[in-house]
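Inspection log for the structure reproduced underneath, given as structure tokens.
Chain naming follows the written order as A, B, C and D, and within any one chain the residues start at number 1.
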Amino acid sequence: MLRLQERLHHARGQLRGTAFALLAGAALMTGAGTATPAMAEGKTITAVMHSGLRVLDPIITTAHITRNHGYMIYDVLIAVDENFKPQPQMADWTVSDDGLTYTFTLRDGLKFHDGAPVTAADAVASLKRWGKRDSGGQLIFDVTDSLEAGDDKTIVWKLKSPFGPLLDIVGKQSAVPPFIMPERVANTPAEEAITGYTGSGPFVFVQDEFQPGVSVTYKKFADYVPRNEPASWMAGGKKAMVDEVKWVTMPDAQTSINALLSGEIDYLEQVQIDLLPLLESSEDVSVETRDALGYQTMGRLNFKHPPFDNKKIRQAALMALSQEDVLGTLIGNPDYYKVCGAIFGCGTPLGDETGADTLISGGDTEGAKKLLEEAGYDNTPIVLMQPTDVISLAPQPVVAAQALRNAGFNVDMQAMDWQTLVTRRASQAKPAEGGWNVFFTNWMVPEISSPLISAMLNGRGDDAWFGWPKDDKIEELRAAFVAADTPEKQKEVASEIQKHTMDEVLYIPLGQYLMPQARSNKLTNMIPSPVPVFWNIEKAD
Amino acid sequence: MLGYILRRILAVIPVMAIVAVFVFLLLRLTPGDPAAIIAGDAATPAQLERIRTSLGLSDPLHVQFFTWAKLLFQGDLGTSLISSTPVTQMIGQRIWPTINIALMTIVLSVLLAVPMGVLAAWRHRTWVDYVVMGFSVLGFSIPVFVIGYLFILAFSIELRWLPVQGYVAPSQDFGKFLARAILPCLTLATIYVALIARMTRASMLEVLGEDYIRTARAKGVKETVVLFHHALRNAAVPIMTIIGTGFALLIGGVVVTESVFNIPGIGRLTVDAILARDYPVIQGMILLTSAIYVFINLLVDLSYTFFDPRIRY
Amino acid sequence: MKFKSRNFDQASNVLEITGLTVRLTGNDKADPVLDAVSLKIRQGETVCLVGESGSGKSVTSLSIMGLLPKGVLAATGGHIELEGRNLLELNAQAMRDMRARKISMIFQEPMTALNPVLRVGEQIGEVLDTHTKLPAREKKARVLDIMNQVHLPDVERIYRSYPHQLSGGQRQRIMIAMALILEPQLLIADEPTTALDVTTQKQILSLIAELQEKHGTAVLFITHDMGVVAEIADTVHVMKLGRIVEHAPVETLLRAPKQDYTRQLLQSVPSLSPRAPRAMPEGQTVLAVEGLQKVYGAHGVFSRREPTRAANDVRFSIPRGRTLGIVGESGSGKSTVARCIMRLIDPTEGEIRVAGKEIATLTRRQLRPYRRHIQIVFQDPFRSLNPRWTIGRSLIEGPLNIGEDKQAALARAADLLTLVGLPDDAVHRYPHQFSGGQRQRVAIARAIAMEPDVLVADEAVSALDVSVQAQVLDLLDELQQKLGIAILFITHDLRVAAQICDEVLVMQHGHVVEHGTAAEVLSNPQHAYTRALIEAAPGRSWDFANFKELQGA
Amino acid sequence: MAANPQPAARLQWFFGAIALPSGWRVGVGPMIAATVLTLIVLSALFAPLLAPHDPLAMDALQRLKGPSDTYPLGTDAYGRDLMSRVLTGGQISLFIGIGAAIVSVVIGLLIGLVSGFFRVADAIIMRLMDSLMAIPSILLAIALVALNGPSIWSVMGAITIPEIPRVVRLVRSVVLSAREEPYVEAAMALGSSMPKILWQHLMPNTLAPLIVQGTYICASAILTEAILSFLGAGVSTEIPTWGNIMAEGRVYFQIKPSLIFWPGLMLSLCILSINLLGDTARDLLDPRLKKREG
């Protein structure tokens, strides 16, 4: 601090006498204190998240930033721990022997931020709204007989037929977790965004300070009663150790790194791997991977239109691609990526790489050429959509376009912003008339780690996820998965699904990668977690 | 004068109406679907359609337009489709950083550029002129974001004089505001200074050839008085004009500087809104900036009467 | 004619210029702009520097002031001595001290010479600010005093006025006040009355004389107008191409010029005695104007301005082969009449009959076939030809419009050029390769190419030097005789009107105040305004061309 | 100054700019600018011959490498050769700049001529132009690019549309002042039709200012393209432009500044030259300045 001030003094001396000095000088005198974080009475963690928070309803959207926001202010009934095992959170549960009745009992001391106690009715309304939006939830509600509040504390969920993974789904942290909201809020129709933001989680949303896309402030919820177990992923005791958490958005990757280095922020959720060297030399900052599973990047073909309505041509496309090339370009640093042919992700209980040989061994351009020829590809141009404004999605199409061209595809890569892409991918029109053939996106591994969750494994034609495969076999396999009652049986079915998916090319997994985070060394006790949660973190002065 | 102002304000109405219709059509013909961004990656087509309907985006165009126009007529810019926040509230939060930065930039630019231009015109075809003009042309030639990065690299990272980014309201802490505003302002000012210095020089060159300058010199008046008292006031009208029209340029620069320096202003709000197809926000913003532009130019026109007594409205 | 005849042999020199040479900077090979100019001005003396444009008069005056445009012109030799000091050697600060205190200058255009955005009182006061340290009240008192001395009315109001709120004469009085407030020894007046109407000119000239008398100032008066010279000069220096070719006391010079150039210059000055009236020709009337009226600014929802009547109930007619002059001072409406007749602007009311056809209300398209009957020559020879077009192209523009064959039109263009006294190869050249007089000849040729019945000459010779003016007037006369065209001649110069017009129409404030043959109007004016105009014409009783008094004046 | 023999002085001034000692400083800037611009244009034209690699060829293992024998300026984040991209990028950037300049000048000229001469059209056109001017050009550009997708054509269109009103205003003002010139009135008196007067007498007056304006539009179009790329609304990365090379490289500004430096240098040199030439053209063509020099 002293050195800094000396420097400043020196700088002032140098500048004096110019018109600039008047302004700069005034700024420096007061600017001196700004190089260190604000030291208000309470402790604040300032974090730069991967994107700006805009949508505040964690049920209506699957956006990660909104889910993360949900975990700040809402609590969940049960949650999976780092071993993918559901654990009690707001509630304990019992299951009837026939597996048809689940009874959840709320623990004591649960309060909403407005002071009202959390009741079973709140939970029921919240679960029902969630069930309309979440694909896993929909599966459960397909077999639900009734979901009702037994009394203020008890929730009774009756099924028509057993549903093995119920607790896994209710306890999952992606893509839409069943956050518990007050009944009045939860009664909002599922396709309308909620307008009240009262939760019962460890932090309180400060509405006055919310600037959509810019910053959001959370205050510690003094009345929150954490569980006694140690925190593990989304389970365990959520103890808020700071008074305030502030998420700010920085549109420029370097700006956020510089801000972290200069102590203007404490936490950077995602660091672009190429920029890690900028942080390495600093003693005040640690770079680490908080989420050991990371992300899977993938490509999806459009089954509705030529040429990818032809299975052989889909296989040719898969054969042409090489994970190494995609990951090398996207991530660059081999420490942070891993070729992985498993559709459920490597390092997950169901992970299995059957059928992905060419993908993980660098592609087979010659084989792809041959397949294309056999299939009688007529040089139909394939429309490949490239989002220019999303850094983590821009390289895949470029690399893929190159590989597909090498294999003999006629590629029409169309650049667009992400928003155009998400609109266009919803279009079932012919590629030449505003439709598409290929697009790419990334998933967090937990989001694709099970056939019940993974959006790509839906084979219900026009009701399926973008790309619309009509695939009865995959539906049968998914049903079999639900029916499987032991982990071994599940694994068996999952392996079938992997084989089938690669054969039909339901989607093309392009490898797994990790996103390092960076934090100021003042932050300690950060738990590993796929969701960047802010409980338990302590901040030194 | 009052009649003139009235007439000008009346003339704004058709302009703004055209802007409104134009912007509305432009946006609604743009591919893009706010429902998709709200729903996120894993939404199914059916879910998208339901959200679209609940947002009123499935209504016929003219219905949407009149709904919006009716609200607009009541001074309501609507509600953000994405964050469900009233647009006026969003703009209210975001406009001050931009206004403060823009004002400071204009003041800084004028203070720097006008003397530069005067000097260049006075020392026409000497090294002074070439240095000033060289700087001006250079200011036009480097992309704003590169200038911003260079400033950050030099002043924040290497010298550590100023914070890297951010914004603090001047009412909250003026010192902090200044510390954070200087680099963005300087960045923005490079183009603006270039623009104003050029215009000042050109305008001064013209004025310095006028007979009354010779008269002033024939009176034995000092050169500084000739330049700043006699010439500059006569050269002021085109300079004021460029300050006004340069405002559009400033807005463009603001969008970029707000990104580089992480300032929560309306420039970024608009770009974000465009990328997210948040129609009410885009419409509101473009209407607002157009209105500000028109208003500033009205002010500029009125300022002519201050500089030149011959101009009366 | 009574000339000034004071003897200055005993008077001390105020300014002495010896061998002053001025060159274009950085170009020693070109002819010098001023070539060894020498002249001296004694106390109380009025020295007139006459010469045509480009002769170096203004450069001389700017050299004395030290105001030569930097980087363009520079004095390379000679002395300019004032109070024993060589002004050419003074540094910038010392030179600034001289200005307004020792030497002052007034310029030709009082409109542009005053700073339009500063109040005139402030502009006069600035001289005091620069050279004295007077307290504010005293300063204002002195400014008001000098404003009174130059006979400005309502000085308190004018003190606070801006230049554009004053008339041309008032502005020139402000300039004079500014120049004389510190009572300098030398006043340089560079064409100070050229831009003014004759009546105003007369007032300004007598004002300068009055103040000169009062303060004993020496005056260097630059002019091209021999009439002015005759009125005010003690001594006259004639300049030509940067040299002084002759100098002498005024009467000597006007009565017995020695140099051919001086004689030629004097012979070009048109006489105020009207030409002998020509016989009324029997040809039919080619242009008849009836009740012509033009009102400006009559409408506008928000505008509260009073409409201006620029022309009111103007009527006249011209038969073939005759010349009708419209004379009047600026703002009298004479140009408005010309432009209405040409339908360059639309008359508010009235009839214009050209070749028997009423054209006042025709649309532009309907009008086109009648255009050829009436053509115009404008004042400014530099702007009336498209600078990007060859002379030939300009000449055939009209003929092509009326369907003439291009080759034929070009051939005729060459003939026309010969007719107006230019080489016929000029068709391939551009306007900037010609002098003002030559360009005016081209403009006339262009008009004649349409074989019009009427030629409107709107101040067509006003921008030309007297010698050129005389030639162009001769040309017009010649053409009229050859082709029998009627000419509508619009001028502010009574001398020119007297030379060329059969009939004269005098306009004031948009009204015709007198109309008659040139002889009647000029020799026996009926209207007070006409009389005032004639009386204001400088040197009116001197017959310059014949070096003697005008007969019968 | 009226004393100067006009044509002679003008010639002297003009040639002085090249040959004479007093004027040499005037001439050197534009000469260098012209040379630099010629070199840049040539390098862009012959990029396919000069580029050591295919500007699109990627090598994931050679990402963000420094200069080497194979990659004279190093590689970008896709492992593509930076030098080849910068050279090829010049083609598109210059194409966008020149294209935007020509299109906006031509359209603006036509609208401006009509507007300057026909009072009724003028009122309507100028209202429309005011509206177009009032919309911030960058925002309009982003919206337009979003509308049509970020192809070269939509970027060019996005840059052109906001420039048109400026050109229209310029042309209109020249027409309005030139139509008062006596030679235009003389043409009327000679019975020339309105379209003929408009095209033959008035239009040529607009050319000089339009050439100057065109150079500025060209320069600012190249710059705007870069800014659009920066904001994520530029041309696809498959088509290298100086702008999108920089926009992609900006992430690596601190670790590999050459990604911004080289395209930035080319862009700045190019714009600098164009602007300098524009200024020179303006000085040469502006009759008012010319008068003063004379």
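The rule is short, and it goes like this: a contact is a pair of C-beta atoms (placed from the backbone, for glycine too) under 8 Å apart; a residue touches a chain by one contact, two chains touch by 3 or more.
These numbers come from a predicted model, not from an experiment.
Novice: Counting contact pairs per chain pair, which pair wins?
Specialist: A-B
Novice: If we define chain centres by averaging CA atoms, which chain lands farthest from subunit B? Would you check?
Specialist: Result for max centroid distance from subunit B is chain C.
Novice: Please find which chain has its CA centre nearest to the centre of all protein CA atoms in view.
Specialist: Smallest offset from the overall C-alpha mean is found for B.
Novice: In whole angstrom, how far does the Cα centroid of subunit A sit from the Cα centroid of subunit C?
Specialist: Measuring from centre to centre gives 86 Å for this pair.
Novice: Take the average of all CA coordinates in subunit B, do the same for subunit C, and state the distance between these two points in whole angstrom.
Specialist: 50
Novice: Taking the mean of the C-alpha atoms as each chain's centre, how many Å separate subunit B from subunit D?
Specialist: A distance of 22 Å separates the two centres.
Novice: Between subunit A and subunit B, what distance separates the C-alpha centroids? Give it in angstrom.
Specialist: 37
Novice: Specify, in ascending order, the residues of subunit D that touch 2 or more different other chains.
Specialist: As it turns out, subunit D has residues touching two or more other chains at 146, 232, 250, 253-254.
Novice: Find every residue in subunit B that makes contact with two or more other chains and list them.
Specialist: 31-32, 125, 149, 157, 259, 275
Novice: Which residues belonging to subunit C are in contact with no fewer than two other chains?
Specialist: Answer for subunit C, listing residues that touch two or more other chains: 71.
Novice: Going by the contact rule at the top, pick out the subunit D residues touching subunit A in the complex.
Specialist: Going through subunit D, the ones touching subunit A are 56-58, 60-61, 63-64, 77-79, 146, 149-151, 232-238, 250-255.
Novice: Which residues of subunit B touch subunit D in the complex?
Specialist: 14-16, 18-19, 22-23, 26-27, 29-32, 125, 127, 130, 133, 137-138, 140-146, 149, 153, 157, 205-206, 209, 245, 248, 251-252, 255-256, 259, 270-271, 274-275, 282, 285-286, 289-291, 293-294
Novice: Enumerate the contact residues on subunit C facing subunit B in the complex.
Specialist: 65, 67, 71, 92, 96-101, 104-105, 107, 109, 112-118, 126-127, 130-131, 162, 164, 175, 178, 302, 304
Novice: Touching residues of subunit A toward subunit B in the complex: what are they?
Specialist: Interface residues on the subunit A side: 4, 7-8, 11, 19, 23-24, 26-31, 33-35, 52, 54-56, 60-63, 66, 133, 135, 175-176, 189-193, 195, 210-215, 248-252, 254-256, 258-259, 261-262, 264, 389, 417-420, 422-424, 426, 428, 434, 441, 443, 447, 455, 462-466.
Novice: Flag every residue of subunit C that touches subunit D in the complex, lowest number first.
Specialist: Touching subunit D from subunit C are residues 24-27, 30, 33, 53-59, 69, 71-73, 342, 344, 364, 368-369, 371-372, 374-376, 378-380, 383-386, 388, 394, 397-398, 401-402, 432-433, 443, 446, 450.
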